[in-house]
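Listed next: structures, encoded as structure tokens.
Two complexes are shown next, each including chain A; its partner changes from chain B in the first to chain C in the second.
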Partner chain A sequence: MKLAVQVNEGPYQHQATDSAYHFTKAALEKGHEVFRVFFYHDGVLNGTRLTTPPQDDRNIVNRWVELAEKYDLDLVLCVAAAQRRGIVDDGEAERNGKDATNIAPKFRISGLGQLIEAAIQCDRLVVFGD
Partner chain B sequence: MSDVKKFMYLNRRAPYGTIYAWESLEVVLIGAAFDQEVSLMFVDDGVFQLVKGSDTSESDMKNFTPTYRTLGDYGVRHMYVDKASLEARGLTQDDLIEVAWEDWETEEEVDNIVEILDSKEIAKKLEESDVVFSF
Partner chain C sequence: MADLYTVNKSPFEKNSLEDAIRFSSEGASILLIEDGVYGAMAGTAVSDLVAGATGRKFYALRADLKARGIAEDRLIDGVELVDYAGFVDLVVNHDKVQAWL
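So, the complex of A and B:
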């Protein structure tokens, strides 16, 4: 099955991001296609490389990165949501005159059209949130 | 056009306490460019999103209620409101904004696409949807 995943909540605050990760990983291991994981609302906070959880806790950001490296997963942060919450890549830093970037590797920032496109193209859109 | 899907935006939260309502609306506005069959649904506290006469001037929040009135121009064909949610909050259709719709090609017009449905009809509309965006 061709799947799209939407993540609506931030890491650590809410289970949604853990559930989304485990679902995505399980789907990929079962041989399903995950066309895209789209991060919206506070979900964009899954994509900052500056996250530093305690050593005895899971590293949610790195977990996504590793999954993306293994399966060539498309991890997309909504640009409007990312701008509001201070998630910045090179392009956004230049456009908005910011002095730093913080996006994690394998993530990219793009528009809401990417969510709509995923919903159109996939057999299922699976939403994780409150 | 077999590639047209039935999109349902399910709105469950009050408009200003959290950002979900506003960011849901942003998806609807952007999604208009994709020419899908788009409906919105309002349940639970989501029904407050359509209450008319809201005034946010003293809360330092942008009042986005007027944006809902324009949704007919953004390809939204239906706006369904859950009757039980409305009644539980002491609201009636008179408390809600009206949203007009017009097909520019056929000139077909609907004065108000805001429609109140009972729980069975709500469930049926969700069942019939290809994609449900839940906010």
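So, the complex of A and C:
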């Protein structure tokens, strides 16, 4: 089955992001297609490669990256939410005159249309948030 | 086929479990995750609400019960435990999924 996942909360603040990860991983391991994971609101903070948790804690960002590398997942950050929170890729850095980027590999920044498209294309949309 | 609701709030903090039960149709399933799993405990102020919700099937995520130290023998009769793979199966086997955030 074709599934889409939406994450509305940031890592380390709320369990939503852990729940979303474990759900997505389980779905992929069962052979389902995860068409897209859309990160909205504080959820975009899942996509900064500068995250450096203590060594004995889970690295939530790298965990998404590894899952995306293994299954070629489409990890999309909402552009308006990302701009507000300072999550920047090359295109955004150029457009907004920023001196650095911080987006993690395998993530991309795009618009809300990507969420709507996922909702239309997929059999189910599963939302994780507060 | 029926709808699946996910409830992630403790029923002692928010009304989302009560609302999910009230607004759900006969045959709906309610999956308790995160702090929502407190709603699966027997002998609480809300356990009669859950036990008395006829025509609704209740599930709770085992990992979230364990993370909160809730022993499986303290649950309301009829609440079925699932792991994340079981969560995926519930999503697949219901028509719609609504997160009761």
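We adopt the following convention: the second predicted complex is superposed on the first by the 130 of 130 C-alpha atoms of A that agree within 3 Å, B and C clash if a C-alpha of one lies under 4 Å from a C-alpha of the other, contacts with A are read in each partner's own complex, and residues count from 1 in each chain.
One rule holds for everything that comes next: a residue touches a chain if its C-beta (ideal position, glycine included) is under 8 Å from a C-beta of that chain, and two chains touch if they have at least 3 such contacts.
Model, not experiment: these values are computed from the prediction.
When the two complexes are overlaid on their common chain A, residue A:80 makes contact with chain B while staying clear of chain C. The partner of chain A that touches more of its residues, comparing chain B with chain C, is C. Applying the stated contact rule after C-alpha superposition, one finds that A:93 touches neither chain B nor chain C. Touch criterion met: A:27 reaches chain C, while chain B stays clear of it.
Of the two partner chains placed by superposition, only chain B is touched by A:116; chain C is not.
Of the two partner chains placed by the overlay, chain B and chain C both lie in contact with A:129. Within chain A, the residues touched by chain B in the first complex and by chain C in the second are 8, 125, 127, 129.
Put simply, chain A touches chain B in their complex at residues 6, 8, 40-41, 80-81, 111-113, 115-117, 119-120, 125, 127, 129. Those residues of chain B whose C-beta lies close enough to touch chain A in the complex are 3, 5, 7, 19-20, 23, 26-27, 30-31, 33-34, 36, 131-135. On the side of chain A, the complex with chain C involves touching residues 1, 3, 8, 15-16, 19, 22-23, 25-27, 29-30, 32, 123-130. On chain C, the positions that touch chain A within their shared complex are 6, 8, 33-35, 63-64, 83-85, 87-89, 91-92, 96-97, 99, 101.
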